[in-house]
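Take a look at these structures.
Okay, so subunit A shows up in both of these, paired with subunit B first and subunit C after.
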Partner chain A sequence: VQPGKPSATSPRHWKSSDTSPTSPTRLVGVVGLEIHAQIQSNTKLFSGSKVGFSAPPNSLVSFFDASLPGTLPVLNRRCVEAAVMTALALNCTINKKSFFDRKHYFYADLPAGYQITQQRRAVAVDGQLAYSLLGGRKRNQIQSRTVRIKQIQLEQDSGKSLHDDQRSQTLIDLNRAGVGLMELVMEPDMSCGEQAAAAVRELQLVLQALGTCQGNMSEGQLRVDANVSVHRPGEELGVRTEVKNINSARFLSRAIDYEIQRQIEALGRGEAVLNETRTYDSKSGHTIPMRDKEGLQDYRFMPEPNLPPLVVYEDRGSVPAGLLGAEGVVVLEGLREGLPELPSVKRARLVRSYGLLPEHSFTLVNEDGLMEYFEAVVKETRKEPRKLIGWVTNELLGHLKHHNLSVSKCPVSPSALAELLELQEAGHISSTVAKQVLGEMWRDPGRRAPEVVREQDLGLVCDSSDLQRVCQRVLDSHPDLVRALQEGNKKVLNRLMGLVQKETKGRADPVLVRSLLEEKTS
Partner chain B sequence: MPGNRWALRYCGNMLSLTIKEVSLALREGKISPLELCRKCLKRIKKTQHLNAYITVTEELALKQAEEAESRLLQGVYQGILDGIPFAVKDNFCTENIRTTCASRMLKDFLPPYNATVVQKLLDQGAVLVGKTNMDEFAMGSGSTDGVFGPVRNPWSYAAPYREQSGGAEDDSEWVITGGSSGGSGAAVTSLTSFLALGSDTGGSTRNPGALCGAVALKPTYGLLSRHGLIPLVNSMDVPGIVTRSTSDAAIVLEVLQGRDLKDSTTVQSPTSHAGFSEDFDVRNLCVGIPKEYHAPGLSQETLAQWSRLADLLEGAGARVREVSLPHTQHSIVCYHVLCCAEVASNMARFDGLEYGHRSTEDSSTDAMYAASRHEGFNAVVRGRILSGNFFLLQQNYERYFLKAQQVRRLIAEDFEHAFSAGVDVLLTPTTLSDAASYSHFIQADNRTRSTQEDVFTQPANLAGLPAVSVPTALSSRGLPIGLQLIGPAFQDGMLLSVAHWIEQRVGFPSISNYEVPNK
Partner chain C sequence: MLGIHQIYGRRRVQLNIILPLLCRYYYASRTDNMLSTNVKTLRKTRNTPSRPVTVARLYSSNKHNSKVPKVPTWEPLGEDRIPSLPQVSSDLVDKLERLALVDFRTKEGLVCLERAIRFADHLNMVDTTGVEPMDSVLEHGQLFLRGDTVTEGDCAEKLLPLSNTTVEEYFVAPPVGNKTSTSNRH
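Moving on to the complex of A and B:
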């Protein structure tokens, strides 16, 4: 037993001091992630064959990928640069010299019998990822968190096996074999599924901004395994399980929460948590132990003798003269300067330049393409961005979510929305009508707002004689409200205004209506 | 010199010429490439009993020779090797020509590409006559452990050996070529090809070079591309060059060396170093004699040759001095640990899925792997895989692999110290003695023999240094004895220059001086 660690009797100790208000007796989840991100690159990590997601089986396989004897790995500089850029974006320390190793195991889709990875020293270590969640009762409070990145290592992807149980055959597709992966190891700094999903979402955004990984979980470009354990805060970590086979952020969150709950319940029943690999079954929402016939694997790691150490130079000046301009030389300077705007910077810029609330910036950046949509609308209207934001993050996004569409598939273009908002801004239609028109435009893409307003006669009623009549009718049919108003209940005025709007289908100019109502009841 | 005891009978054979000579004769039109090729092929048939070749590429060779012929007729030379027949050890990939590594595992393997060194020779217009025999996956030192049977040393059938071994009728006492590149050694000395590629991991080119009486160069690690060489130990493997003269080795080295983008461990040959020279002055040379190379089992005759050469150099004005390479004694053990570990790793790809032997066992994928590998590899290969995996187990890694790597560093430093203290080359024996008879050799197992045979050669591989074996004399048994020169990294040219100096003075006889080696 290590000093300082709780002894076997400590659970009882905690229970006995249960009365103390600060005593943390509740079991809480501890979550770490191992993420494999496929590097966005034209060619594979160590060979010249192309990378493609849905090519015919075994059509993207070089001699090296098929592990033909005598072939040798040649490091793809693009893949190294992608890993270095990712590492820089995640505030990692770049190892100026890192190594490749062989990790051995027999599997049909691993043709060489080993994977080339970085075991002894990874290309980057000690980074961090800041991410946020929307919390609070109304889910409008930004909670900022940080997860530490232990390391980023380069390694080869494996091929794919297809098991045909009926014919008891296994078919192998090596298209994916040798594609470059970045393995990111996140420290167990998270405590629930929602946090893990938020961290992964932020990572996705970073990778997509950098162009180093497309980040699509369902296509396997981003594969997330979760290490889950439970403990009482302050005590040592519990036995962990590894949950695999999670192919969306939503499932990640559910799988983790299920697993935490399962472990808490198991311990509650006096059972032990086993150190095992579990798979997530999205249908039942449960995690299930994976059948693991081989038991504990000894990967027999060995340095990869066919690749020299991977050297990353600080600047061009530090590259040895003979290597300047040579294939495969990676220089930090330049890569650092070439980093694009990262999501956190984007959010800060949105808040700063448009006066938005942080939660709005959060929604804009986290939804693919929504920020670009918003900025396009801003450009085309005189409406203030702060007043416009609700149209994008509530109305438009609401429609998109309702129809399960991405921003890129939105039937209402930014300029069409801008045109609509312009009508409202100019006082030609009310906001109620504007929402109605947006609904029309959604149903019938291609129709422009002025057209809808004209055809359906939705323009604001500004004619005071018309409004006079409507107002009078409302007042006449609600004598109780009129009385209340006259007795000093000013709130009733809003009720009356609403009734007028109802009569006019929201087309009445609110300013005019208010003054008419006030005039008639005074 | 023992050769003088027999009547010299020069064959007048164009096949016994050096590359330099035959290249000139071809260009001057004195010999036609097609005629030369046919003669080689004929001689391959005639010396079939040597079992030097696994595959003879007759059809292709004739086609290439024809092309060379039409080029030469037009006066267009593709290179110095245009029209010159060569042989390649059967662990270098050759496009659409089966490449077996003398193993059942690759018995029918047709590589879809050429090894870089093979391609470079073909680009010169050289004519490939065949793929040479070897120990299975180059694991051995006798060329006795391949699936196609052992290789016989051409000198077994030459007069000097036959006369003293008691009668030309007795075939049972034939001697081995050494290995694992025994086929390449036999091909060059039996005059069926003018040069051959071997591979050298722990001495596999130099050992048969010494035992067959050929010049055998193990270049500096990284100077020649390994792309297409089916690996034994990646961190030590180098393509080796077997020729009949040091000048020829220099010619071939010049053709083959240089950076290859397909092999990340290759470098451009440093231009600062002196190239090969046929007029090397040994007066400024400092020759080191490593005292640790006075190993147990060193034959009196080899020791005598070693002393003779040292005296010869000293007599010519070179400084000859004793040096110490203190970690030499640990070298062979260190070599075996590293070798087995890399073998275990490199052999993992042979699972019968993508290529190679696949067992009919199909109860499960794992059972198929196990059966394919058991059937495909011989006991030597399987034994090394097993040991290697043992050394790489997590619990053993530090004790074996890491330790061996540390010792490897010490061995490399021994050499560095010697060279930085002013020594230019080291002179050592290549093997303990001349070639053993096959019947004697197989009395000990492969591991024992490799330990004995690689004792002088593998340190250069551990250190990545260039080394060359030069034939110096025939032993009292009528068999070649070779000595080894080891130089600093990338001093391959200088090394060959010193070897040339020696070659010019020892007057080692060509096998063509004696009776045609016929069974």
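Moving on to the complex of A and C:
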């Protein structure tokens, strides 16, 4: 633990061993996120060209996207619905009337020289995202936090530029230019990288559940920029820097923590923190200033003259008679009712229907596909879900993480796992043996549990006479332990059991062994 | 030429209409008869252009009241308006050059800029209390939303020839992503 690490306002900050509340003179980090989520739709925001990936360069570009003169924007209804559904899921207030503006800056991949965005009045404001962290020493305590969402706005994406330094040129592909983005601006309610990563993970789950964005950070569908500053609690906020080029939740956490540390050290040396944009270098784990920011950009915001206000209606009754029936109308009532099950609701349902602990359901929902896997196993076994969950979240997930696989690539199918656990439940094998068998099944997919058990003769020895002999042997060879037990030291019993298990290669039924030993030594 | 003839033609028609109107002012009670007389008059006139002439205020009993004032209603502003920046700093000129991608650092350029600023300062004299700024003439309308079906695109072969240089179906731009006034002159 580095001594300079901020302990943050929460005493359970994972890097700090300091459990007392922050003393007034320590600097803490303040983190606000700006997230751009690419809307999942068939066509782009203002034109009818296809949204797709890995297409030949400049093949998904219409005249409007190439900003040829004489073209006009026509807003895509699906994008508005996506933004509104996301806003409803995050408890935002929807602005019934919102406006579009132009944000001017020159960049090679922005052909028009401006980006159509919503600066004056966004589609939705004032929401919040509730997320949870797994904290505590064993990372099994749920901490619930919320972060306020300042606004959600619709805007255009820019094209892609490929820098060819050899030939001193930039190659521009406009396939991505004009694709709809939802920009979510969060208030600076977070104080460290872990919280930011957890919030982003929760947002990913929400967006995926709604179907409005696939949320893949590495593919650029979800882009996160972090605004980081440090200050003393109670004082005004410090100068912030913007950190860009973050490709995963893990890098986000590291980048933010590095930046907080860097700013604290700089202030400690008496230097000032510059208001600049920095890029994160994942190899070194450092943030590096991006060159030539040339002072603050003046975006010259102006109202988009080609687009009237965007109106969203509360219910079918408030839609003017002429528009009703036309498909070009967004009605909130219908969208609200049609919202799918959100992650928080899913977790609550799991806890209720299977009697799980909150941290278990958190892990189940957090991993893609794990919940479905778990439910499939539950269906095929008599074992109680509560007992089952440990196998899924610890053993199975442990194997998956170790081999860096996703649930969809798991070599052990739900029914195979169910079969294995049935054996264990019925008492044919002990739990240690079951873990062993799981390892075997992992290495050799397709082999079922009963086969493995039979082949390696791992079945529980329940034969009383066999066990009796083994127990007797153990007791005879360790008279000192017997004496200790008879004198009242109960812990010795576990050692004796361990010895018996070693003799039987872990196949002895622990309950039976315990009762036999107790009987023999009483 | 044709235009002048049409104007003269219209004038003659208007005379034919105004005269009965003037008569109406004296004989207001006989509106029905006058109407029929008016209509007939219109049809009979040889100089009526082939397309129908829409006449405003044919049935109005008010005197024609033009909204165009007879004399100008504005006064030229004196020099005592709100003073603008007396001197445009060189940093500001830098920034403006970068934003507009135009070089104007010459003496004439700066003088022109200053005059433009002083001209725009006229707007400061307008009293706008209680008046909402206008965005565009569409601002009372409502945005039409289109369905999410693919209708365009796939025209790379039309777009790429528009650029002077392309490399393997990519457009080409100068290496530094941000355009500066020194790298791109119009």
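One rule holds for everything that comes next: the second predicted complex is superposed on the first by the 495 of 522 C-alpha atoms of A that agree within 3 Å, B and C clash if a C-alpha of one lies under 4 Å from a C-alpha of the other, contacts with A are read in each partner's own complex, and residues count from 1 in each chain.
The definition used in the following text is that contacts are C-beta pairs under 8 Å (C-beta built on N, C-alpha and C of every residue); 3 or more make two chains touch, one makes a residue touch a chain.
Predicted model, so just to flag it, every value in this text is computed and none were measured.
Three-chain overlay on subunit A, with subunit B and subunit C in a clash.
Subunit A has more of its residues touched by C than by the other of subunit B and subunit C.
In the superposition on chain A, A:Asn76 makes contact with subunit C only, not with subunit B. In the superposed model, A:Pro233 makes contact with neither subunit B nor subunit C. Once chain A of one complex is fitted onto chain A of the other, the partner contacts of A:Leu307 extend to both subunit B and subunit C. Look at A:Thr170: by the touch rule set out above, it reaches both subunit B and subunit C. When the two structures are aligned on the shared chain, A:Gly390 is found in touch with neither subunit B nor subunit C. When both complexes are overlaid on chain A, the residue A:Pro445 reaches neither subunit B nor subunit C. When the two complexes are overlaid on their common chain A, residue A:Ala108 makes contact with subunit B and with subunit C alike.
Of the two partner chains, subunit C is the only one that A:Asn42 touches; subunit B does not reach it. Of the two partner chains placed by superposition, A:Gly398 touches none, neither subunit B nor subunit C.
The interface of subunit A with subunit B overlaps its interface with subunit C at residues 63, 66, 68, 74-75, 104, 106, 108, 170, 172, 298, 300, 305-308, 327-328. Contact residues of subunit A toward subunit C in the complex are 41-43, 47-50, 56-66, 68, 74-78, 80, 99, 104, 106-109, 161-165, 168-174, 292, 294-295, 298, 300, 303, 305-311, 323, 327-330. Those residues of subunit B that touch subunit A in the complex are listed here as 92-93, 101, 106, 109, 111-113, 115, 226-231, 233-235, 261-265, 341-342, 344-345, 347-351, 353-355, 365-366, 369, 389, 392-394, 397, 401.
Considering their complex, residues 95, 98-99, 101, 135-136, 138-156, 159-160, 162, 167-175, 177-179 of subunit C touch subunit A.
On subunit A, the positions that touch subunit B within their shared complex are 63, 66-75, 102, 104, 106, 108, 111-114, 170, 172, 298-302, 305-308, 327-328.
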